[in-house]
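Once you've had a glance at the structure underneath, I'll fire off some questions.
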Amino acid sequence: MVMVADFTVERVREIALDTYEMKVKNEEVINQVKPGQFLHIQVPNFTLRRPISIADVEEDGIITIIFKALGEGTTELSTYKQGDHLQAIAPCGNGFSIENKKDDTIVLVGGGVGVPPLHYLGKLLKRQNNKVITIIGFQTKESVFYEEEFRAFSDETIVVTDDGSYGEKGFVTDILKQIKDYDTYYSCGPFPMLKAVTQLVSGKEGFISLEERMGCGVGACFACVIPTNEENGYKKICQDGPVFPAQEVVLP
Amino acid sequence: MNLAVDLPGLKLKNPIMPASGCFGFGREYSQFYDLGKLGAIMMKAATGDTRYGNPTPRVAETASGMLNAIGLQNPGVDEIIRTEVPFLEQYDTQLIANISGSTVDEYEYVAKTFNQAQGVSALELNISCPNVKEGGVQFGTNPEMAAEVTRRVKAASNLPVYVKLSPNVSDIVSMATAVEAAGADGLTMINTLVGMRLDLNTRRPIIANKTGGLSGAAIKPVAIRMIYEVKPHVSIPIIGMGGINDSEDVLEFLLAGASAVAVGTANFQNPLICPQIIDSLPETLTRYGFTSVEDAIGKGHE
Amino acid sequence: MNLAVDLPGLKLKNPIMPASGCFGFGREYSQFYDLGKLGAIMMKAATGDTRYGNPTPRVAETASGMLNAIGLQNPGVDEIIRTEVPFLEQYDTQLIANISGSTVDEYEYVAKTFNQAQGVSALELNISCPNVKEGGVQFGTNPEMAAEVTRRVKAASNLPVYVKLSPNVSDIVSMATAVEAAGADGLTMINTLVGMRLDLNTRRPIIANKTGGLSGAAIKPVAIRMIYEVKPHVSIPIIGMGGINDSEDVLEFLLAGASAVAVGTANFQNPLICPQIIDSLPETLTRYGFTSVEDAIGKGHE
Amino acid sequence: MVMVADFTVERVREIALDTYEMKVKNEEVINQVKPGQFLHIQVPNFTLRRPISIADVEEDGIITIIFKALGEGTTELSTYKQGDHLQAIAPCGNGFSIENKKDDTIVLVGGGVGVPPLHYLGKLLKRQNNKVITIIGFQTKESVFYEEEFRAFSDETIVVTDDGSYGEKGFVTDILKQIKDYDTYYSCGPFPMLKAVTQLVSGKEGFISLEERMGCGVGACFACVIPTNEENGYKKICQDGPVFPAQEVVLP
């Protein structure tokens, strides 16, 4: 059940260029969390909340988020210290449904700030005995994060950078192209990346996680809709998503 | 303390209601608290048919406010009556249907349809939506057009009609008196101010629709001014809105001349805002020397 | 980087100037920095005679903004020319005289007087002051009246005339095109939105004049929207203002269509704001891919 | 010379009901300060600055201010901690001119948050060998502050409270009435008190310090004017004041 929850900040550290890992604690929330869900975080003095994916959940009530300090709100968030309080609507959205996903071969395809939700997802998929291949893309060497964390559970982990300054040079799709033998892919990243991915592997079962500017974060304001294939059809990313079967929605 | 207010068609147990478009049809917020706590609920705009609305992005943040250009997305009046009204009827509160359209005929149709159905206590006539025009003239900024659509909707329905005024006008008083003369039972004010933000990276407006409606604390001084200006010129009640964030803001609106208030954008910041305001209102009224809500209405004019 | 902009009567070395009424006649801020840094200075409103203005309180704070109702207090055009203009002429910058009045004759007199004097490069015609009416019609919200006063002032003076538009109108484009047709050399926009705050203790408006003009970051989205809307309809340049606080805001105004900008309320928060913005502007322009100020003007429309 | 100065907070403590004493440090500013001047303090996220009188100046660059946490800005200010930074325009206004004030008998008349500037004033007047009689008024017992500090330099100190819960009961004017033999009075407090004081002792040389809602704080915006006795005459409280000869200005 989604709730308005108070979190205590346990740790904040910069893990890549302008990219912060923050661990926050609230014991009530974690029992509910599915991978792919997000926190809708209140930053004091800002009108709108910031949606940030859940990147990990630990048994002791700790949720990890990873965010890039881009604009004013996330920059403010990056200054939080241990012991500070954070208010968030949590957990938001539907998340990835993986109950029946066992003994399969999975490809995770993440780009930039789309990488975090795949971490918790991959961890759980591995626990359910799937083979996990991770492809994560970043702009440049300084932006790379969580490579080790993904390696810890992935059977294979490929890092790509746009400029080739670290790992493979190119886009995640360049790597995905070469992988033939898998059952399902899960992808999260900017719209252009998702579009490239879904077009490349349109025959495969795939789930994508979308981003859009949000108001309420709970499905009430219609800010975050995405058209579906039906006429006048739409889904709300904050509530019906952010995860959708790749073929269900029409990417802009 | 007595928080009750009696308005045409609306016996409110307290003067707090969520503003139209900021609360959907209540389902989502019913996860956070009992909607029966609310004085009333203003539903999301209803049009004749299903509307998809504008492309995204539809919202942007501004200093102490936000822009939105949802574009009246809604499942259409029939579907709303079939699925949303029955859900909301479970709660011990009152329903106000926000009606909109592209033509006067569409307004009329929506009003008629709500009139035939059960469960709705009043209509809120949204003439302030910038993309609703006839013959190129916006209903919301032209007194004659506003009066015309008010008259037609009044004739089509037995429900009391509250006309929602746009702040994007040179003369708010003439808008208010025009719709009062046309039969409006009440006013709701204000809707959003038209605004825009540009994204410095893309060099384009952030909102796909380019312009959006500015709401939130930033516009509160404009709302208070307009209500204060209109109040002495009308004898119908005003439901006030625009940047309400706490019970002190509510009292400011009451003093300015509102008989009840709606909370919009603040729901996004804090989903519990409406019940929290309702709970703190008695103490706020007491602190400033009032013994009831009725007692405070219009007291800024003395 | 080249920050220069050429406007009618104004060769600006950079596009930053303090807004009228927020900088007096510069003396006070000359204690903090060399006024020669500024692209130009918009002086406090000048009227025909000395004006005392409104009773106090004259200002109130609002969310991300403020209200003011100074009431055009000034020593009168003759005294301004005698004592203030010579002081400001010491600095390597350009002077824009903001002119106001209660009647068209008074505007004409003020314009004529500045024309005969030395030191002023352009006039800013403040038709947006809410307490200036003739025959009950506000100049600032009526296109014909605005055009009339523009014509008269143009005829009375050889100086280029920038007409300052009020945002409190239903249709900003028709105001802009009306004054352009009447001979305006440029536009400045926006003036303040009319707003109000009530004091919960006294139950009265905080500002003695009751209503005041809302300025500051809160109104920036309205300013950007209006400039963006007007730009394609006029061929005269626009000096933009309304809530500018940093060089990113300046760029947003340039993209919307402003050729230069004025900084008002932010001077109160930070007396050094203008020079700080001037210093940071080149880096901001570079970061977003522009090579000069001219390069960015209107680029939000492509 | 007035400047935009950065101060470091040295100490904050609550000295009476909702009333805080704050010590802030900036070595450049203190050399300039005259009693009666004020700091125009920036509180982050608020549009307008808060004018607060200088209540004391110590040799090591420390300025004391005393303020009541009334609205949002001063409440925020009261949460400042040692080491925090504060930006203020300082010193603002003209202050009390006391160069020639020697060997006289002086009465200080302060009410509520008008009391602070009289403290530094009195200290200096005493140093110049004047006899100082202090009358300070507060609403009630819990609001009383700085009695000891005034006693430290005053020849006589009378505290009055509106409700008589501490010191004498009544208004400062009730006490002032009884004092006949003095040369000059200095007064600061709310308008009604100043009006009562100046009317009561209209024959005496007096200086009053005024308050008004301010914009710029430096004389540029005309927010804080007070009419003078000439036609259309006015003074700016932030620049020409806040201190005026009692007969110069017309109190509302």
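Chains: A, B, C and D, in written order; residue numbering restarts at 1 for each.
Just so we're on the same page, a residue touches a chain if its C-beta (ideal position, glycine included) is under 8 Å from a C-beta of that chain, and two chains touch if they have at least 3 such contacts.
Bear in mind the structure is a predicted one, so any value in this text is a computation, not a measurement.
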{"item": "Whole-Å separation of chain centres (CA-atom averages), subunit C against subunit D", "value": "36"}
{"item": "Computed distance of Cα centres, subunit D from subunit B, in Å", "value": "47"}
{"item": "Subunit A and subunit D, separation of their C-alpha mean positions in angstrom", "value": "57"}
{"item": "Residues of subunit B engaged with two or more neighbouring chains", "value": "62, 64-65, 216-217"}
{"item": "Graph class of chain-chain contacts, one of line, ring, star, complete, other", "value": "line"}
{"item": "Touch relationships between chains, expressed as pairs", "value": "A-B, B-C, C-D"}
{"item": "Subunit C to subunit B touching residues, read off their complex", "value": "62-65, 67, 138, 141-142, 168-171, 193-198, 200-201, 203-205, 210-211, 214, 216-222, 224-225, 228-229, 243, 248, 251-252, 255-256, 288, 299-300, 302"}
{"item": "Residue ranges of subunit A touching subunit B (in the complex, touch as defined)", "value": "1-4, 42, 46-49, 73, 89, 212-227, 232, 234, 239, 252"}
{"item": "Complex contact set, residues of subunit B against subunit A", "value": "21-24, 27-29, 31-32, 44, 50-53, 55-62, 64-66, 68, 70, 73, 206, 216-217, 265, 267-272"}
